[in-house]
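I have placed the structure first, in the form of structure tokens, so that the comments after it can refer back to it.
To keep things simple, chains are lettered A, B, C, D, E and F as they appear, and every chain counts its residues starting from 1.
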Amino acid sequence: MKLIIAAIKPFKLEEVREALTTIGVRGMMVTEIKGFGAQSGHTEIYRGAEYAVNFVPKVKLEIVVADGLADEVVDTILKAAKTDKIGDGKIFVLDVGQAVRVRTGETNDDAL
Amino acid sequence: MKNLSKIAGLAGVLALAGLPALAQDAAAPAEVIDKGDVAWMMTSSLLVLFMIIPGLALFYGGLVRTKNMLSVLMQTTMIASIVMIVWVLWGYSFAFGGGTSPFWGGLGKIFLSGVTMDSTAATFTDGVVLPEYVFIAFQMTFAAITPALIVGAFAERAKFSGIVLFMILWVTFVYFPIAHMVWDGAGLIFNWGAIDFAGGTVVHINAGIAGLVWAIVLGPRLGLGKENMAPHSMTLTMAGAAMLWVGWFGFNAGSNLEATANATLAMLNTFVATAAAVVSWSIVEGWVRGKASGLGAASGMVAGLVAITPACGTTGPVGAIFLGLLVSPICFFFVTAIKSKFKYDDSLDAFGVHGVGGIVGAIMTGILCAPSLGGTGFVVEAGTMGAQVFAQIKAVLLTIVWSGIGSLVIIYIVKAITGIRVSADDERQGLDLTAHGESAYHS
Amino acid sequence: MKNLSKIAGLAGVLALAGLPALAQDAAAPAEVIDKGDVAWMMTSSLLVLFMIIPGLALFYGGLVRTKNMLSVLMQTTMIASIVMIVWVLWGYSFAFGGGTSPFWGGLGKIFLSGVTMDSTAATFTDGVVLPEYVFIAFQMTFAAITPALIVGAFAERAKFSGIVLFMILWVTFVYFPIAHMVWDGAGLIFNWGAIDFAGGTVVHINAGIAGLVWAIVLGPRLGLGKENMAPHSMTLTMAGAAMLWVGWFGFNAGSNLEATANATLAMLNTFVATAAAVVSWSIVEGWVRGKASGLGAASGMVAGLVAITPACGTTGPVGAIFLGLLVSPICFFFVTAIKSKFKYDDSLDAFGVHGVGGIVGAIMTGILCAPSLGGTGFVVEAGTMGAQVFAQIKAVLLTIVWSGIGSLVIIYIVKAITGIRVSADDERQGLDLTAHGESAYHS
Amino acid sequence: MKNLSKIAGLAGVLALAGLPALAQDAAAPAEVIDKGDVAWMMTSSLLVLFMIIPGLALFYGGLVRTKNMLSVLMQTTMIASIVMIVWVLWGYSFAFGGGTSPFWGGLGKIFLSGVTMDSTAATFTDGVVLPEYVFIAFQMTFAAITPALIVGAFAERAKFSGIVLFMILWVTFVYFPIAHMVWDGAGLIFNWGAIDFAGGTVVHINAGIAGLVWAIVLGPRLGLGKENMAPHSMTLTMAGAAMLWVGWFGFNAGSNLEATANATLAMLNTFVATAAAVVSWSIVEGWVRGKASGLGAASGMVAGLVAITPACGTTGPVGAIFLGLLVSPICFFFVTAIKSKFKYDDSLDAFGVHGVGGIVGAIMTGILCAPSLGGTGFVVEAGTMGAQVFAQIKAVLLTIVWSGIGSLVIIYIVKAITGIRVSADDERQGLDLTAHGESAYHS
Amino acid sequence: MKLIIAAIKPFKLEEVREALTTIGVRGMMVTEIKGFGAQSGHTEIYRGAEYAVNFVPKVKLEIVVADGLADEVVDTILKAAKTDKIGDGKIFVLDVGQAVRVRTGETNDDAL
Amino acid sequence: MKLIIAAIKPFKLEEVREALTTIGVRGMMVTEIKGFGAQSGHTEIYRGAEYAVNFVPKVKLEIVVADGLADEVVDTILKAAKTDKIGDGKIFVLDVGQAVRVRTGETNDDAL
């Protein structure tokens, strides 16, 4: 199994989720994160105190899928998350050794 | 020295007396200022400020997404502040300058010229006057809140500079004239005998229509119907609505200009009509979708307050409860069915609640003032319910037309000069950062 | 036309005069309405609304978990709204309808029948009256806040429909009778000579006991003692407590019904007793656990306000400080030691603060009104401290018994009809989503 | 029984009358209490409480980081509460005890001895008096808010016990004497003929200077300039600022002590000067950094309120607008350029806004009271602008020196006894947890 | 070493943490996430605007343990997090190459 | 490529980010988490109800870098995040199979 981690723009979340559902992804974990990258942040000024906020709001998806589905997932995210503007995000793929469903104790591909 | 203007509720008293009798400038040696009235009018004035900020600002602010929170607070604050300055410079004169035109008050009191500590303003009781300064302050708060209500229609996408320019023009050419027409003794609508005790037409219909025009011209927010645009803080919205209710007593009972029994009737009505509207919105919601929501209760609260505004001085408490029960289902229908059918994006329902609620209230005022229904009586000369309702409808229509056309023209002028909408990227990122350079919350 | 009812503080004036002297209906040709009184009573009425929403709503709302925030705001808002309507329909009559029963006011003013703009209500000064409408509005706010206080006991688990039904029955059979008994000239407790200037028994003990009954019958919240149930926003709780303090002046100084020196004494006492209770709660906390918390200060604030409520018109300022210093340690003991020992889950301490603080205040009122302690004098005929304290205790006991039994019976009736508690799943997920279909916060 | 004290605005009336004329104790048989005045003064008193909590508490609280939120709320609440108690015990006597020293009021009214329900306090109109209790309550709120303003300078790092000790000493040796000097008929500054209608020197300069001393002695917060110290909730800050504005009418129009035309002038000025300062701060910001921020608008709001405080009773509305436009750029310059140049960490700009704004207001008061500028006239005997401005400057300087030296000495005493700053670890973790054992927010 | 990632129901956090402490787990990272899976979300309505919230609040645990402890950790979470209702969560296990304790510079098993 | 996960003290975030920038790290994901470990939490008391909060606020960094840079990244974090007090945090290193940049579709080292 693979763990696919993707950092995307927050307003793309719904589109990406829908696209992934279509290809059969049945679960994921979503976290609101602060992203640092080529897309620059902004400056805030409060009564003369200037703060450079180097981080940009992003959403991180973590999806575990069977090996066979991994490429399709990556492709799907690539398409759905794209705006062609800087800061569209990254996708990383890692190996997962084991997966278990808490409710049933099912393991690996059955657990997804 | 004495202020010539008369306020609409006056109509009640005067019409019964058989004539408009504005001759209070003719030597009235027994003019009396009662400190109890002054105390109440000062309290009322600050209550209306309380309605604007923090009240309205939080009510609206809670309804937008986090990224636009400060923009709403800023717009409300800035509109109120600018209008206060304009009021002193020319607004008061345009509305209550003492001129005899049915459409505006003239230039007689530009820069408050001629107003001193000894100047007085008439009340609805002959011989009882107020220091003119408190009348100026009280009316100023009405002028300040009305344009701030429009924020609810263009929230989350309008351009700050455009809003500022629009508001200066709008109060000048729409609000001040209508205030004059409705509340000044020389005013057109005033002389039709229409009852608008505390500003149903001048404030709510006026702002509601302007809001509808904005919503239509601006177009919907990006992502409407796709993204989740749920209120970022229902807590603030409900707290703001509660503050509106509290402050509204300054609005309604203050419009009596004196601390008399009539003011206390206005107060009691403002309590119970609002309570009834809270309950009836919740009942409708419970019936339609199985659950009564906090936003529903808050919306009903505002709808009830809006509806009772013109009627509060002339309706009995049971009539007020009836009006409250009635208005919520109608507003509910507008903000759910009508809005989605016609697809205008009145973001926070400035039109759906203030405009619609104001119209319901204005027309019902003509019915509920009937003595047979516990009201204090008709004001039109004919003295029949039909004639009164007709006067009310005329007032509503004139307000709709004046505000509608005026707002439309001004928006297009503003569009040409500063623009009226931010860029898509800025809208996406949120107005707080892009227009004001800050964020509402940090941890 | 004149309202027969008399308010408890009146007892002070009258008892000194040697007789209850309720004969103010007998031709009183010199009846006078002072606009200063009217201004103050209107202000007081809106201040009590301010106590309910946003005050109490935010105070309680901040104390619950995020998932139940809106449910608290909704319950508070809905209870206040429904009771206002009930008040006009039959509540005012039940409490102050002019009947001569010691237990209720009769049906004479159902639907406010007979009340007009010319109706007046007596004050504590002979010949000085108020427009009856403002008396109705003022008393209405008391009727609205009392049941809302009970929310603190059943928060986070009670069923919305059950709450609504309970409240309608409860004000009808518990609140209106007790208000009549304590405040009406014909009332049972009133004629015992017990002092309850602004509602220690009627409002706080009454609500506190009803809360205790709810807490015991409902049982504890799921996960109590295991999950972290810390307040979701101490900020809102402290802001709400501050609003309670501000609004409470309407409650306490308003209960004087006139803008006289006695009202200003009530105001000063409401300032300093509260300040003292804030300080003493913090001292106890500092001593017991090494740190003075914000929730402690807010709790002390409310405890002080509750305790001074019955006493504010008859105690000297130094006595008020003493009372404030005294009440907090006692309430502290109840909300920490007693509550955990007896294991009732009075979620937000409606009983621990309002019930206990109310009892302390009611009894101490009998002591602190002693002229030798700077008070304004005893009211009971015997004119001794012992007799006064005895009258106070009788009033407390009757309130406890009436409210306790009444609440218990009503809860079981409601349980049979609508149920009183949500399902475990709904409680887990939170009442905001499950009962009202929305969330308090989004980002 | 009658209170000897006189309030500064009185100077206006009296100086015109040609003599200080404090002989109102000499048999004045026609002393009259007007219920309208009493109503207004009670309202004003509670409005000032509203300024402190929730107003100031939320304004300041929003500006700190989440981890210090409760500490600010607690400090504000506790300071106000303790000072209220101190006021009854000895503060009122120190300030208005009836003594003839130019520096303090003596011990004549310790524990409010001799004050009864029949005691009265003079107003600015001969023969018109107030119940002394309301005068005590009103002045008490001023004593309570002033030290709370200082919180803005030492926020996020001062030690709670040190703050408490400091405040008790500071009101005793700094605030009460200055209040006596400025507002009591026997007071030093009062007799210079300096105008301070509502407390520009006593409240704002006084607190601002004390704040500057704290900021310098304490040193900057850990991480200043490196970590992001942005306000944790601009929403609360803006809501708090709005509450300050609303409450400030009690402060300013209340200082007239009567509900007369002069109070309404003070009210109108408090509206428009503030509005103008909101606008001018935003303009400066728009010009300097391209965007008008919410914090800028809120800061301008407070700056305008501060500046108009001494001037509100003697300036015309157009002069008030001018003053508002003027003060914001000056404060802006201090909180941006000066503060960063001299590197004192006045965390929330207690000095930059209250101190600086207060000085601008105090001096401009001497100019804008000129009849030629729409003002109500000079008060100094010489009757020239130069003399008036000179009197104002003297008052400012004495306040600066007294407050500066007094605060410095007291801080060092406190440092020796309890310490004034928390440990670095505690500061890092936040005062909420380390000093009060709780967190402002949970989910 | 293994990285064990678990998505569980929020109100189970304390129980799971305690159970893990008992078997010798000495550290973890906890994140509030939005979970997407078989357990369906809810619908919110605001003045006629209806929003389907497809995500359910979950808590994500990330625990690095020595290889030998991994199975026990998985088992313990399984037991403690179970309510037998849909949405109880998932557990995933990944390989970790290296671990370092910042304070001391200790590495791998010593760092845990 | 390697995924470097680090839990550090929140007030160290800016310093660590700057240090990493200097050595050429061009992106990362930052999450606010609750940490559990040797550093103990605190106790809160609300009107007699006592809550032991076992978690301490931490910030989690997730950084994907080319294999060659991994050690330097670990070292840099070690130095910048250190305060020598308990609770300074942990660093974990995992293997990453694949990386993609959404905007361009570039993969692996080019995507970082």
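Assorted remarks:
Heads up, the rule we're going with is that a residue touches a chain if its C-beta (ideal position, glycine included) is under 8 Å from a C-beta of that chain, and two chains touch if they have at least 3 such contacts.
Everything quoted here is computed from the prediction, not taken from an experiment.
Between the contact lists of subunit A and subunit C, the overlap consists of B, D, E, F. Between A-D and B-D, more contacting C-beta pairs join the chains of B-D.
Separation between the centroids of subunit B and subunit E, computed from CA atoms only, is 53 Å.
Distance between chain centres (mean CA atoms), subunit A to subunit B: 47 Å.
Within subunit B, residues 34-37, 39-40, 43, 228, 230-231, 233, 289, 293, 295, 437-439, 443 each touch two or more of the remaining chains.
The set of subunit E residues touching two or more other chains comprises 31, 44-46, 94-95. Taken chain by chain, the contacts fit none of the simple shapes, being neither an open path, a ring, a star, nor a full set of pairwise contacts. Counting only pairs that meet the touch rule, the chains in contact are A-B, A-D, A-E, A-F, B-C, B-D, B-E, C-D, C-E, C-F, D-F, E-F. Against subunit F, in their complex, subunit C makes its touches with residues 228-231, 289, 293, 295-296, 299, 335-337, 339-340, 349, 352. Residues 33-43, 45-46, 49-50, 53-54, 57-58, 61, 69-70, 73-74, 77-78, 80-82, 84-85, 88, 111-112, 117-118, 130-131, 133-134, 136-137, 140-141, 160, 233, 236, 432, 435-443 of subunit D are the ones that touch subunit C when the two sit in their complex. For subunit E in complex with subunit F, the touching residues are 1, 3, 17, 26-31, 62, 64, 94-103, 105, 111-112.
Residue ranges of subunit D in contact with subunit F, taken from their complex: 223, 226-228, 428, 433, 437-439. Interface residues of subunit A facing subunit D in the complex, by the touch rule stated above, are 44-49, 51, 53.
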